[in-house]
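The structures considered in this document are given below.
Both complexes shown next keep chain A, but they swap its partner, so chain B is in the first and chain C is in the second.
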Partner chain A sequence: MTAQSLSPARPAPAGPAGGARPAGPSRRNRAGSRAERLAPLVLLAPALLIIVGLRLWPLVLGVNFSFTGDGDRNGMMVGFENYATLFGDPLFRTALRNVGLLVLLLPVAVAIPGLLATFIYLRVPGHRLYRGVYFFPAVLSPVIVGAIFNLLLAFDGPLNKLLGGLGIGPVDWLGDPSVAIFAVVGVHVWATFGMALVVFLAGFATLDSSLLDAAEVDGASLPQTIRHVIVPSLTRTIQFVFVTTMIGMLTSMFGLLYVMTTGGPAGSTYLPEYYIWIQQGQLNQPALASAASTALFLIMLVVGLAQIGILRRSAGKED
Partner chain B sequence: MKQRTLWPAVLVVGLTLSAGCGSAAGPGSSSGGSGDKLVVWDWKSGDAKGAGYVAKAKADFAKKHPGVNVEFVAQPFDQYYTLLGTAIQSGKGPDVIMFNGGGKIRDRADALAPLDEYVAQDRQRLAGWDAFAKDGKIYAEPVTLQGHPIYYNKDLYQKAGLDPAGPPKTFDEFVKNCGVITAKTGAKCLALGNKEGIGIQFWLSALGSAVLTPREYDDWIAGKRDWSSANVKKVFELWKQAGDSGLNSDGANSTAMFNDAFGIFNSGKAANVIGLMSDVGHWKDFAEFLTPEKVGVMVAPAVTPGALPSLPYDGGIGYAVAKWTKDPKLAADLVRSLTSSDALKSFYADSGAIASDTTIDVSAGGPAVKTIVSELKSGKPALHVALPSKTVDLMGRLSQELLSGSTTVDDVVRQLAASDKTG
Partner chain C sequence: MSGIRLTRWVVAVPMAALALATVYPLVFTTNVAMKTRREYVLDRFSLADSLNWDNIVKAWTSVGMSRYFLNSVIVVAISVALLLLFGSMAGFALARLRFRGSSALFLGILAALFVPFQVIMVPLARIMADTGLMDTYPGLVLAYVAQFLPFTIFLLTSYYATVPPEIVDAARIDGNTVYGVYWRIMLPIGAPALLSVGVLNALFCWNDVLISLLMMPSAEHRTLMVGVTSLRGQYSDDIPTFASGVLIAAVPVLVVYLFLQRQIADGVTAGSTKG
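Entry: the complex of A and B
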């Protein structure tokens, strides 16, 4: 009896070996409810194990690693020294400043697809063609886009020839520290705005066309229509595009940077992820790179939480 | 009932976990280390130009150790040191590892086995050992020599009415000749690519011996670098002047050294280029457009009196043995096969690289390669190779600032001095 009560989780041997028939049904019930209680856990286990084992645990290891030293001091705990080095490094500060610049440029990156989608929605001549053409760059890999624009923006490239023809002196688009970051962000926006455009078009599909007709009847001009009808109706779409564009800018510019400027000139186009790659791969300072990764993670966490907050607030407003 | 729900779930968990492990462990074949198998990591064996070399080295090794299987894993060079860094962190990976000389191998010497006792017989035959040594110990055997000869386009010199066989001896003469070439042919003086900040490395090393006194030069290599000396400053002043006075090809900061800058030289749009001796950007690399007899090599034109211009070069690439390999002697034997005369001869013939074995006959290679090999005897280690990687990286960025005019030479030298001290 004691053996049975110690191992109630084994129903198969318990049935025939027990011999205590009256106790049978209640035990089966107990076992059944236990199975029901366990089933969700078992079903969740694979996902949880993958998240904990392959995501969270490495993250903890990475953060822990950022408190150790590099080179001769490999494996030694050095406290916050890596973080001090990091924030003392003008290059990392440039990278953070560039993140700030990206945030500032975000409205432009959202406005462009928004405006173009508006024109397509308002059926400007050739809108079907434009819809396809605008989306096309989104299917190209950043490396290919970068290579194409390397040629176009080269000092002796077509764009400068064109400017020269107009009497404007050549600009070293990718070689002038004060211009290069804008050139790269511009190319990134060109390469990725197709996705945002599609989201905007989906948003337009939900737009009440009677509002537009009413505006037209009232004699509203195009800017007035955009400002008073389209923008208020698309608030949630615009917020969603803001969030996804921000994430795209912070996490997927590496390929373009690598191909177009390699972080230069004079480090002016560094972003945190490029800095991490250089420190780990080229300068062999994995612990410092870990510290930079942790810093980037925290930045993304703050930005992400802020954006989730904004989305939730707006959703609440609608309810 | 319970069994029926539990077992499939267990199966799913088991499968998922083992699948997860498999992908986390990476391709198992590339991390060897068992007794009868050696894994080599490099970025050459996948190249058609390196095939003959690898075959010769393998054959040589098979003769000595018939039972041992050798696997070459060619990694993309872009990602090479990133992948290697991961292998080193995990303490397992290839047995034999290709390295660039200088900072790249010194920074990672902790993960390597010293080779002194195994390679003693090769010390005389091969050159370029210093680039693979740290604290008096040898960590790799050199395969090629890498250096920075100043190549010039004889055709352009001739068109400008200059003597293609008598390149300028002094820097002033060099600049004056360039003025003539640009006026007569429209070609720029120097093909320069500084997008990655590599242009300044080549500049520092190619012109260093023409600016620094022999004493300063040797001190620099020995680690006693006086960044505040007038001559060191002069190197950076010349760099800035060359940019300001339009000697360089246009848009140097946005031109990649590999291979856009060499393309400018190849196509005759610039008369000179500071190139390499191995891998790319060397005499044979140019041969597709400029036949070998049209390419000359000049000794650095003298800048300061008392300087002794010489060819800057070091060990280029070499093979090292990982600390974690089971049988270092066996791995070292493979390294020795990879640097055998036959293999290196094949490497030179196929790729045009200057091999570490200076006894190889290069007489059929054209005037440039002959000049280079004849200069090897008096050559000295390159200045930039002696610097820590961190300082080299900083120097690249500062050089871009100098070209774009956003900093001064004094500030550059001060920052480099600070980085060199802490680095």
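Entry: the complex of A and C
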């Protein structure tokens, strides 16, 4: 950049230097302008190499793996055999059933932070404090959260002690197959609702406060205000939270499962990501794991396509 | 009194209770970490008799948390530096340079956002093994950079798209090359966004367990979070030491949170409102 910096740079007519206007003719920049024409490529090269080589190419490889065999039949094409094994495996079926459960619980996981954000926005006493306090577990690792809740949810732990004080009886939170998945999802919601809360509050910051004042003057009840003022004004934020919460449930509960239940008791807390890990990391069945990955990817694709639409509008690339 | 005003006071109580429930787990863990084993067995709920740092020291020295801690610091620092460098280069090019296919590239990178690690971990492990990067620091750093780069680029592209083009024009007229504009103008201007996305990436990498579990099988290469998971089995009869290990892993995050909460929130909410 030493030679060019002496004279005004002039991008080639078809050059890539966005926004720069020709600053008068210059003869000295022929070599410079070629380097400049390549600039976007040079600047993007590391990112593209990494993303294509370590994100997109593995995706293709993985789909391909899923049609090959494991063990002795390593590398042989076996058609849909892995998928047949997969859907015949009770553990994977439990994992899928648990995904269904997550989808059913999704509205609750969105409504809780939504309501809390509404109250904070309406200046509940103490509102200044709550944002910072509620958001804080969201920055902790699932490993930390899981480890802490291992202690809290122990049969003789604090939660059962508290419930015992209320006359409710000890619950085997992580040991009862019909309870454990709810305990883990509950902990996940505890750990992440602050994330959605902050997103909601950012949405509220864009809200026209005169609408709320008007509603208050008219004596509207809170449910009326939420239904007729807040929800219609925050559609975009609500969509965003729905999608990110779903993605979070599908891809960031591994740490909790690994620390709290290791998929048990009786395999009742399996999720697809945990199944993939076990098949790959413990049972050395990469082809079967790849089939499970592909199934998870298809689930994610539906969620992801919805989100691309949302993100694209916000990135300022549409103009 | 209108309905809304009354409700404010009614919900204040459960909201305060929830705030307590948010803080209590960590308070409980800290308290347990301060107890001796005997104190814990006798009564795990009462306040620790005194601030007893022995468990913390034990977890730090003899349990090996210091080694795991150092591993994490090194890997996270290098990963974040590379993410910011590659991310800002790409973000600047996508937002402020005009070239054919730029929107298609941006879309491609967005698409990579939706390829979760779980989906590519099997082939990625094979690629890393084939290239000799399995169980090495460069391998783990590469895995982190690959994992969080699409998000970083998305955020920095959005940020650079808000920089007025006139600033770039003026710098060009002053004789800067494209690279000069990037280095002397865009990097400094991008500082707030770089801080925000940098902190967020540091948290992601620091908190990760799945990627490092897959990429770093050998014990001496463990990152801190994997170290914590291994404590659980080893110290199931010594809960105060276990709690101390958990605390050591959580404290850096707490400190970062106290000082950079707004930056973290900015990163989390990016892409949620505008439109």
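Everything below uses one rule, namely that the second predicted complex is superposed on the first by the 253 of 319 C-alpha atoms of A that agree within 3 Å, B and C clash if a C-alpha of one lies under 4 Å from a C-alpha of the other, contacts with A are read in each partner's own complex, and residues count from 1 in each chain.
Basically, contacts are C-beta pairs under 8 Å (C-beta built on N, C-alpha and C of every residue); 3 or more make two chains touch, one makes a residue touch a chain.
Source: prediction; values computed, not measured.
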Request  = Go through the superposed model and pick first if A:235 touches only chain B, second if only chain C, both, or neither.
outcome  = neither
Message = A:46 in the overlay: touching chain B, chain C, both, or neither? Say first, second, both or neither.
response = both
Query = Of the partners chain B and chain C, which touch A:206 in the superposed model: first, second, both, neither?
reply = second
Touched partner set for A:301, first chain B, second chain C, both or neither = second
Message = Looking at A:267, would you say it contacts chain B, chain C, both, or neither? Reply first, second, both or neither.
response = first
Request  = Specify the partner with more touching residues on chain A, choosing between chain B and chain C.
outcome  = C
Ask   = Which partner does A:74 contact after superposing on A: first (chain B), second (chain C), both, neither?
value = first
Request  = Could you tell me if A:54 is touching chain B, chain C, both of them or neither one (first, second, both, neither)?
outcome  = both
Query = Touching A:290 in the superposition: chain B (first), chain C (second), both, neither?
reply = second
Query = Both chain B and chain C touch chain A; at which residues?
reply = 11, 32, 35, 39, 42-43, 46, 50, 53-54, 277, 280-281, 286
Key: In the complex, chain B residues that touch chain A   = 1-3, 5-6, 9, 12-13, 16-17, 20, 24, 79, 81-82, 85, 89, 107-108, 110, 194-197, 250-255, 389-390, 393, 396-398, 400-401, 403-404, 406
Key: Parts of chain A lying in touch with chain C, wherever the complex brings them together   = 1, 4-9, 11, 16-21, 23, 32, 35-36, 39-40, 42-44, 46-48, 50-51, 53-59, 61-62, 65, 116, 119, 122-126, 129-130, 132-145, 147-152, 157-158, 161, 190, 194-195, 198-199, 202-203, 205-206, 215-216, 219-222, 225, 236-237, 240-241, 247, 250-251, 254-255, 258-259, 272-273, 276-277, 280-281, 286, 289-290, 293-294, 296-297, 300-301, 303-304, 307-308, 310-317
Task = Note which residues of chain A are touching chain B in the complex, please.
result = 11-12, 31-32, 34-35, 38-39, 42-43, 45-46, 49-50, 53-54, 71-72, 74, 91, 153-156, 170, 172-177, 180, 261-262, 264-267, 277-278, 280-284, 286
Query = For the complex, which residues does chain C have touching chain A?
reply = 2-5, 7-9, 11-12, 15-16, 18-19, 21-26, 28-29, 32, 44-45, 85-87, 89-90, 92-99, 102-103, 105-127, 142-143, 145-147, 149-150, 153-154, 157-158, 161-162, 165-166, 168-169, 172-180, 182, 203, 206-210, 213-214, 225, 228-229, 231-232, 239, 242-243, 246, 249-250, 253-254, 256-257, 261, 264-265, 268-275
